[in-house]
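Two complexes are shown next, each including chain A; its partner changes from chain B in the first to chain C in the second.
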Partner chain A sequence: MLPEATRYLKATVSLFSPNVFLNASKLSAHGAPSSLQTRRNLRVSHCFAARVPPQKKPREKVEIPGLEMVTYGDRMHYVPGLAKPVYPPWEMSFKDPRYYRSPPAQEMALYKDKPCYVFNQRTSILEGVRQAAWLTKTHVRPGLLPHLVSLAAKPENQLPDQDERVQNAIKHSRFWDTMEPRLRKEKYSNTLLLNLLHLCATLQPTHPAVGRRILAENYSLAATWKRGEDLFQIRGRNGLLHCSMDPLPRICGEQEVLETSDQVLESFYPVSPTIDLQQVSVYKEEMNCTGFRGEYPYPHAHTLYFLETSDPNCQLRPEQFRAKMIMFTFGNALARAHKLYGTQPQSLLERPITVQAVGTNGRIFQFLVFQLNTTDLSGDDGIKNQVHSTCQGSQSLSTTSYTEDGSLVYTGSLGTAIRGVKIFSYSTSGASLILMPQILLKTGLGMGNIALEVISCGIIGFFTFLTPIILHFITKGYVIRLYHDPDRDTYTAITYSVFLTEKRCVFHQSQVRIPAVSKMFANFYAGHMGLFVNPDLFPIPQDYNHLMGYDKPFSFTKEDMDKPDKT
Partner chain B sequence: MALSCLTRALRSLTLSQPALLSSQTPVVQLKLGTLVPSTVSQCRGFLTTASLKHNRAYLKQLDKYTIRPIGIKKSGGRDHTGKIRTRGIGGGHKQKHRWVDFQRLRYEPNKEGQPFEEKVVEVRYDPCRSADIALLAGGNRKRWIVATEKMQAGDIIKTSGVIGRMAVSANEGDAYPLGALPVGTLVNNLEIQPGRGSKYIRAAGTSGVLLRKVNGTAIVQLPSKQQVQVLETCIVTVGRVSNIDHNKRIIGKAGRNRWLGIRPSSGLWKRKGGWAGRKIKPLPPMKSYVNLPSISAN
Partner chain C sequence: MAARIRLPLLLPRSFPPLRSLKHVHTEAVKEPQYPPIVASLTAKSKSARLRQNEERIKLISSSPVEEKLSLITRIQRMKFVVYPQTFSRNPDRWYQHFTKTAYIPGLPEKFNPTTEGSQLATDQPAVPEIDDAAFNEIRDLVTRVILHEHWHKMRKRQPFLYKHQEQVVGPFLKTLVSELTYNLAKYNPLLRLSSLDLSPQVNFYWRRGKRIIPKGHRRGRQEPIRFQIDDHPHSQIRIPQQLPQFAPLEASYTAEVPEIHLAPNMMPLFRRQYDNNIFTGAKLPDPACYGHTQFHLVPDRYHRDRLARQQHSDQVEPFLRANAAASLFAWTGAQAMYQGFWDYQDVSRPFVSQAVITDGHFFSFFCYQLNTLALSVETDANNPRKNLLWGTESLRLYEGVQDGAVVGLDDCVLRLLVQFLMNRPHS
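Showing the complex of A and B:
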């Protein structure tokens, strides 16, 4: 008995010794599929491990219907030769939300064969504003309407010391009170938006309509509509909403609304308009919800406020951000329209629904106004909705003045001095020319010799004429103001002409040529004209670098060295 | 002592669920990926905090196509045993893998059979290959493909599987079957079996030439001057692969090679290498990937 016991012992000890081999392929750990698990040899180190032959596939289990397998389930222990019993998966007898497994999509109650395309707050659509316009059957017009823009310019709509208060708001939002080198975007953009909203709200005593609005956050919007053969939905939370008791008045007259039926929506073949939208098969049809239940005292959506999120998975580029703004304003308007007029598509709403939106990234603000004219969105023709937005030229809180020449980048400090000197010189020359003959006649310095007279007059007159000419020659290249048009990369330089009028010279950046030998009174040549600028007077040094071409890449290759003109 | 050993061993033989291993039994935690043939049939498994599966093949397990870049683990030239299989690979900048769709003629689920067009959204650098890749958007989907020489953002690219009677005058970047192209066109991304995806002529600046079309098959010359015979329904892209100046680039310093993940080679002079000097060899015979029926059928 003892030798047998020792033999058994040896076998079992060797089985359970630390250097035991594990066949983990039969057992699955943590729900991982067992077929993918490796077999580990803990006995030897990797250097001595040989190449492994590929794993043999386990024998296929053949199910013969009608034939009952004899299992060892009844015997409660493994018996070699009998089949492994298969038990039905255990289900909990009660419903526990922590351990709920949802059924596959096909078995859900709301499953439908036809998919629905959903736009949520994280969607970034490829074609941007064009795609949003097609999806919402909207005609996009750049630029806000003048009567809206003029509202801001009226003095009764402005705050007392408005500029200072706005600058205080900016300073407060950009106050650096963190340990990080830069402020985080969600912090400063949120603070800035709320500060500016507060400033607008201080106008309440003079504008009682401000008191009939309230801010709402994190409301869930849902709107459904059909476009062609496809069903679309907007779902999600866009952020901050100003809702009011009264609806906004319409911004476009009836004539313009009827004219939109002539406009054609932009197509972007070969990309389909449903690209980047989330496709769902389980959805509720006719899902329309403004975000508020029952009789909410502020039912009309007035203005939406969009902030850029810091979520790394949904970084929206400016085009996609504008598209998101359009889609969510449309969603709010549509949900309201469905509530008022029912879900049947109507080709022309007698009272169009207007919603505004403001989008910001903390520095640049974009405004748009959306007017919902129709809920009949299935066809591409007919009356369309309208959007006026500051797409192309978004307003930024900057102080550079903008004229049609571009933005001002340089002002010469000696401009007025030059003008003064020139005026002085011309006036003295003129005066001396006028007074000289009279003085000569009066004082009788005219000698008998006409030649001497002529010579003396000539000498005096020479300097009288020479000084203005030399002065003009020196100062004709002095740039008074320099404007830069970034879109076309052209500069407009303003100088004084002979007669002290402002002369503009428009040139492209590529025409700027720096002479190899530095000339007096001219920094660079623009075409043929020599111009002089003081580099220290550029408020933004980058502008000077860009003007002179110093920010172009420099190459030390032989061809470029031989051509010194190419700077 | 013997009894405790016996009970412990017998416990290991039961088919209970694997439990966390206690600290009593010292276990040598080996490098993952070590595989050895088993000698013992039954053993109780145990769980560890590290995953038992060495998940190097994450890329190969994905089934749904995505354009999102996927992180990859560097192999360092090591194979599944842990030994170096290929010398000179290691280190280098981290790279994310962009899943390139090599099967150009891939129809959308509901639109089989018709030629379709796609728009190039952007052309960008790919760290995993010498050529540039282009993001194509068409219909409801977006995918990456190997870009051709003059492809730019905004181009419209056509893919067709139809072989007409007359040869098509193909624009650069379009994809057609070999039978539809005129003889002498420069092609790239060659499939050798229709529908399997392109495997040849994908490197930067390369292009093959369609030499001739012989009843139902086409003969293409690869960049190595080797000729292959493939079925004429295999899809190819027209033009040269992008980044044509790739072979003219100068590395400049050893560090740049290390950034690319190339480790220094051994400096030892080996007599019998046979690598130096010009080689003049006859061209290998033409490789045929067409299964022609055998003449003698017994």
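Showing the complex of A and C:
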């Protein structure tokens, strides 16, 4: 009797325990078939770990229009058999900010049926720079223009003891800034950027134009434009902005601007261009704000500075970071264009607006220059905006090792192991070759039967000769080091030959062929030679993508897939 | 015995056989024949403890700077944590006592217009290198900076409770400091080589005074009182050369330092034990190891409006003075220790730094000269030197911003700010 009673007691306890409801709500929230899989919460004590009884379906409430329900509301207490009274929801007669419930989106004043796609500082768009270029109707050109780069090479634009001072700035941001043993990335990247900006600003005595700028942080940007049928907005705070009294000169001449109308925007069909953008139905139309009001003495945007955020929820990869740079630069230019020329779309601005941007993560710096030529962004054709950026080869302050073959992009981790194994194998084979005849002669084992002798020598010889051959066959394709020459787009792969010397194989990127059926010891074929690389060991993943040709544009159309050079 | 006493008087003094024996030790012996007799090093005695201390002092004095710092700050013990910005009442007198600082109202003669020149027109700029046109440019720049932060920049909502100073005045001060520094770099070449730190850390550890341990197994013994300052100024300018002194070392002998006979606990001040740090804002290898100017922001908690609401308006100035004394003592002390000076090797030249403490509207200017680091009981016994702090009352820079224009910009305050940034060694 007693054990049964305790069992019933436990069951009832578990029924009324809060954990039961927790379990039930957890299961139903996940949308899994909760009734079939009743989970046991084994983390709690045994009285709550019993099997949760299956959820009972609540009784269906039948609404018959016109029928007046007899409720126990008048009686002021529950009466079995009468219906539960339904009262209208109570609302406070006064405003209390602690208990304010915002109305649903449909009832808000600014609600619109047509959604707006918003890009903010936390957005990470899937297709990266291509998507940003499509959204802003921009033609992307790699590499900065020579006349910009040559500005820094002129001796009058350089600081005295520039190298030493820049090195001190880096050392200060990485090592000398604090008593803690190791600095966090967001701290040192911020300090490095500010140190370098300080160095550049000390050029003000010789370059008065530097004094006509001010650094603004925590300014809120807003820009709106239409692209096709959709409405897009850029909102948010991106980082630092250098505002200037004078506008930047244009970087591309008028002829080049007109030529952009012939260029086609890169499409990434079937991915929609609005992917990853925040869709809002409550928004203000024609929201254009540079972040400053009134007669601002620094109306033109000179340079934007982007740093990586410390927020773990929105860590942007390099491609997405570059896309964010393009979008916010475009937003700043567009907001100023709307202020100057009005919000009506203009197909060609007489004075294109140029804005620069610098993005960094503390070690690698990315630069881009954006020129806004048109505010008529609804169609895909016509004049486009232009961006010159250091996209592909982003500059790092301290570069990797560079030889005449190009820069080192990959080092195989098993290189020394392979060398060691091969040496061991060769040495044991050599030792056995030398010692075996002497042992056989001395001990006279093989003297008895010629057939036995032949068989034993055959077995020993098999292992002596075949093992190194098989080993070489397996490891001949293992790439020890891979160098890449970006100018000629050639790769130099170093492998070990039969005699453990380094063999170089130079090939062009177009010669890389990926077999349709993956081979065991070769990732890709460079011409006729099979080579093996470990994709995880590339310090910059972009290099692997470029090697294998994964960064070439492609689409799912039949003609594209049948092209012979697309692997 | 009798035989010796009754030496025969007939014996001549210089008896030939005894002559050489007698004159053996009459020549003065210059070289000591024995090693010096010193107290033991390992005995359980007071003299052994004294000898251990001496050996330690010798070891520290002869080490290179980095080792010196680590030897001085190696052992962690309970110490008083001194906060430059504190809620205590009359903290300036306490901090002056802890740091042996004498307060002199007003700024040194360098920054005051000369009394002989008062007959000349009062609007003659006190800084000879900056003429009227340049000063007008600087005034326009400051107006633009004030309007940029308080008028032109659009803010979505008012800053939350007690975040106004951090979110509004902080960025304004940062922009003001950087723009003024770069603008004045053409008149002061030292600023071109300077290093601007934003939200740096400044730490200093020192010992002053003694107490008798009241309870425990070491009861009755003497223990030095240890202090640590962990300061976070808003921004600071560090330079590779030292600023010239404001007053000669000997002038500090007559200065008065307030003596407080209560224990530091009474302030209130609390003890903790953690890493002893000595840090100027950058580590030893940094070439910009001397300090120029620090800028401090008065937080919301100690803003004069809040103190007025609590009827503590008389505490506004002592708070600023205490902040300046503690922060600048820590900074100059750390600079001096980076050069190898410490308790037992006192500074051979004064270390000088400046500070500006502001809450956005009111600016107070302070100059500090560190004349002595020997503050512990043994070294302070016969030390006539005192550290000096000059300071002004808080002066209003501008009244407010109305309709896109700054109202009531005070030129004197601006001039002082410019003079502070123009301070440089005479080359």
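Quick note on the criterion: the second predicted complex is superposed on the first by the 296 of 567 C-alpha atoms of A that agree within 3 Å, B and C clash if a C-alpha of one lies under 4 Å from a C-alpha of the other, contacts with A are read in each partner's own complex, and residues count from 1 in each chain.
Operating definition for what follows: a residue touches a chain if its C-beta (ideal position, glycine included) is under 8 Å from a C-beta of that chain, and two chains touch if they have at least 3 such contacts.
These figures come from a predicted structure and were not determined experimentally.
**Student:** With the two structures laid over each other on chain A, which partner does A:S425 touch: chain B (first), chain C (second), both, or neither?
**Tutor:** In the superposition, A:S425 contacts neither chain B nor chain C.
**Student:** Under the stated touch criterion, which partner chain does A:S272 make contact with: chain B (first), chain C (second), both, or neither?
**Tutor:** first
**Student:** State whether A:Y78 touches chain B only (first), chain C only (second), both chains, or neither.
**Tutor:** Once the two structures are laid over each other on A, A:Y78 reaches chain B alone.
**Student:** Touch test for A:L194: chain B only (first), chain C only (second), both, or neither?
**Tutor:** In the superposition, A:L194 contacts chain C only.
**Student:** For A:L215, select first, second, both or neither according to whether it touches chain B, chain C, the two together, or no partner.
**Tutor:** Only chain C; A:L215 stays clear of chain B.
**Student:** So, A:N168: does it touch chain B (first), chain C (second), both, or neither?
**Tutor:** Second partner only.
**Student:** Is A:Y298 contacted by the first partner chain B, the second partner chain C, both or neither?
**Tutor:** second
**Student:** More residues of chain A are touched by which chain, chain B or chain C?
**Tutor:** B
**Student:** Who does A:N545 touch here: chain B (first), chain C (second), both, or neither?
**Tutor:** So A:N545 meets neither chain B nor chain C here.
**Student:** Where on chain A do the contacts from chain B and from chain C line up?
**Tutor:** No residue sits in both footprints.
**Student:** Going by the contact rule set out above, which residues of chain C touch chain A in the complex?
**Tutor:** Residues of chain C touching chain A: 144-145, 147-148, 151-154, 156, 171, 175, 178-179, 182-183, 185-186, 191-196, 198, 200-201, 203, 275, 277, 279, 282-283, 285-287, 404.
**Student:** Given the complex with chain A, which residues does chain B contribute to the contact?
**Tutor:** 2, 5-6, 8-10, 12-13, 15, 17-18, 25-28, 30-47, 51-54, 80-83, 116-119, 121, 137-142, 156
**Student:** Going by the contact rule at the top, pick out the chain A residues touching chain B in the complex.
**Tutor:** Per the stated touch rule, the residues are 5, 8-9, 11-13, 15-16, 18-24, 26-27, 29-30, 32, 36-42, 44-47, 49-53, 78, 126, 268-272, 274-275, 279.
**Student:** Can you name the residues of chain A that touch chain C in the complex?
**Tutor:** 168, 171-172, 175-179, 194-195, 198, 201-202, 204-205, 210-211, 214-220, 289, 291-298
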